[in-house]
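Two complexes are shown next, each including subunit A; its partner changes from subunit B in the first to subunit C in the second.
Up next, the complex of A and B:
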């Protein structure tokens, strides 16, 4: 079986399980929306302040709550499932890629729901050329999905996994968060977003290489 | 054993000499006495990079050879790296307060990225504590060490990528951006700190080996209550 076919099978499996459980869409997405509602309640009533911090809040909530999409219980494989995949000769790298793509797609849905909610709640000033943010959102989703998939594998079956995995993901995702937030600022100041976009592409490529290279040893941990 | 003490002795001599040079150099025209802290701050930051880079290399070494010594060296390197990165952050904040007027500038890419690297390796140490099986622990931490090392070039070049408050590299191919006395004190401290790192690395790796052996003995030892054997149930009882 080709690598691509293996990736597609893993991807379809993960999305089908998510479709049945609804853990990311029906639990994590509303959780992120609640966070967007809560933040203004904890701040002084200042419409201008909210408009200024809105885009930053969008990226922070995407990072902090989006990571739970990558750790979702429905994506965790039991040891018997893993043994079966191993016996079938599924490439560990294909497993990593398939699972990361599934998480990235779910994260994109998360961002698609979160972004208009942020615009409605925080009413940020219109940014000229805002569609240029779409590639940044896509890269942030792919990068975060890969970091989350890696962290989920590193902490698989550990008792303190629920606390440890976010501790690993949050600092590792800063190279995605900073250029994503800067891209928005660059658009506002009409400086173009080529530099942050290329930076994010480099980070995503480095993560992809790290994920594929370490997939084999990580499979042996489970 | 002798090498470790020789390295630590040499490092102590070097540090006494380097730090006394930093203390006696003329005060900076702009920064005043706060410039002396560079004698500790730069070597500590350099050791953070070195330690985390070695953590990744020893992690790769473990994945290839499966020799426990590689894992002990990776863990020791990460521990020392966290210590020195913490020291670099604290000394940087003291210098920042004296020179910039603020201890922490949120707009500064070097500060933020160094702090994040520090947290990644705190996570590394937490992961090591969470995993009990030595082989699984070594494997997981080797992978995290490799992934974490991706941040090192980002932190190092952050001052070039983003124009922020933190100055660019002090020593560049076209020369150093500081007076000779300051440069000399910094380089001596850099060498002394590096020797200190080597001594601490050997020492801590040896400690980890002993700890692991003791732990293995504890696991093999009988637990309280293990002498109590439940009665066998007879058929029909």
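Up next, the complex of A and C:
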């Protein structure tokens, strides 16, 4: 069986599970929207201030969603299911890629739903050069998804994995979300976003290599 | 010369098929015969195995396992030959499930040698082994059919095997039921169906009878006998008072045989 086919089967499984339960999207999106709504209500009406904290708020809520996805990923696979995949000879790297793509798709959906709310509430004056948000959002989704999958793999053999894995996501995502926030801020101030974007590309590539290379040894140590 | 172009193994194989059908004639009703007829690739594999049948499928030598500082298994030496049906018994906490996982190559021992099919334990060898764990390996949010489809796809097995396996375990009518909504017995049957989808040379069954009614319990027996007839080997962990179809019994007490 080809690597690609294994990736597709794992991806289909994860999306089907999410489609059936709807936990990630239908539970977490309302939470994200409420979080974005509450902050402007708590602050004095200062449009300039809101515009400045908007990107940080957006990525913070996205990070929380990424942590939730990681929690789901860690809790969803029991040791029996992990053993089943090992017995079937599934390539651990294919498993990593399939799960990461599924998480990235969910994160992208989350970002797509939240982004208009963020713009309306935090930056009513339309962000100039807004199409540049697309690569930032894409890179953040893919990077966060890989961090979450990696964290789930690292903690797979631990009894407290579903608690530990999401906690690992927060520090590991700093090199990804800081440039993402800087990118949005640069758009607002009409500065170039090339530097933060390239930095994010480098982080995503490093995560991809780390995830694929460590997949086998991590699986064998569980 | 290709191994499958020789008449001798063909004759042997035919004899084995006949005996297999005889063996399976007592299996519970509902198991389709075509489950026991294999494709050409499996035939070739079996004939190749015919030439190397003196090699143990699993060979453990002085294997010890510890979890942290707690010794779980100590100096275990076992050889599982083709055709063996081993009943592994022992009190709770004796290390039976751990021993099965060592045999499957899922747990690496701290000492000793594990050989699978004559080679040092490697991930590739696991594809030839089927494991039923204590808890069914089902995804709760997926239906029984989707769970088995997942296995069928990953094993690259023909799609008809899925329907045949569902029929064999009596779950055709419940194929669209979510695993979380199925009874424990149904979940157990679905787990057994996984082993019908893929041909295995070794079956490792950890309390596979648990939660099954008499008819489904007979299915475990049919599976094991089918495997033995193909010169496969099986290890059955069970607290039953007797496993009549086992030809060897091993007792594990405090991690020692």
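A few remarks follow.
Operating definition for what follows: the second predicted complex is superposed on the first by the 199 of 222 C-alpha atoms of A that agree within 3 Å, B and C clash if a C-alpha of one lies under 4 Å from a C-alpha of the other, contacts with A are read in each partner's own complex, and residues count from 1 in each chain.
What we mean here is this: a contact is a pair of C-beta atoms (placed from the backbone, for glycine too) under 8 Å apart; a residue touches a chain by one contact, two chains touch by 3 or more.
Source: prediction; values computed, not measured.
In the overlay built on the shared chain, the residue A:220 is in contact with subunit B and with subunit C.
By the touch criterion defined above, A:206 reaches subunit B but does not reach subunit C. Once the two complexes are laid over each other on the shared chain, residue contacts for A:52 go to neither subunit B nor subunit C. Shared-chain residue A:89: touches subunit C; no touch with subunit B. When the two complexes are overlaid on their common chain A, residue A:159 makes contact with subunit B while staying clear of subunit C.
The contact surfaces that subunit B and subunit C form on subunit A in the two complexes overlap at residues 220.
Within the complex formed with subunit C, the subunit A residues making contact are 1, 5-6, 9, 13, 16-17, 20-21, 76, 78-81, 83-90, 216, 220. Considering their complex, residues 63, 109, 112-113, 116-117, 119-120, 122-123, 126-127, 130-131, 136, 139-140, 142-144, 146-148, 150-151, 154, 161 of subunit B touch subunit A.
Partner subunit B is touched in their complex by these residues of subunit A: 150, 153-155, 158-161, 164, 167-168, 170-172, 174-175, 178, 199, 203, 206-207, 210, 213-214, 217-218, 220-221.
Chain contact summary for the complex, subunit C toward subunit A: residues 101, 104, 106, 108, 123-124, 126-127, 129-131, 133-139, 141-142, 146, 150-151, 153-156, 178, 194, 198.
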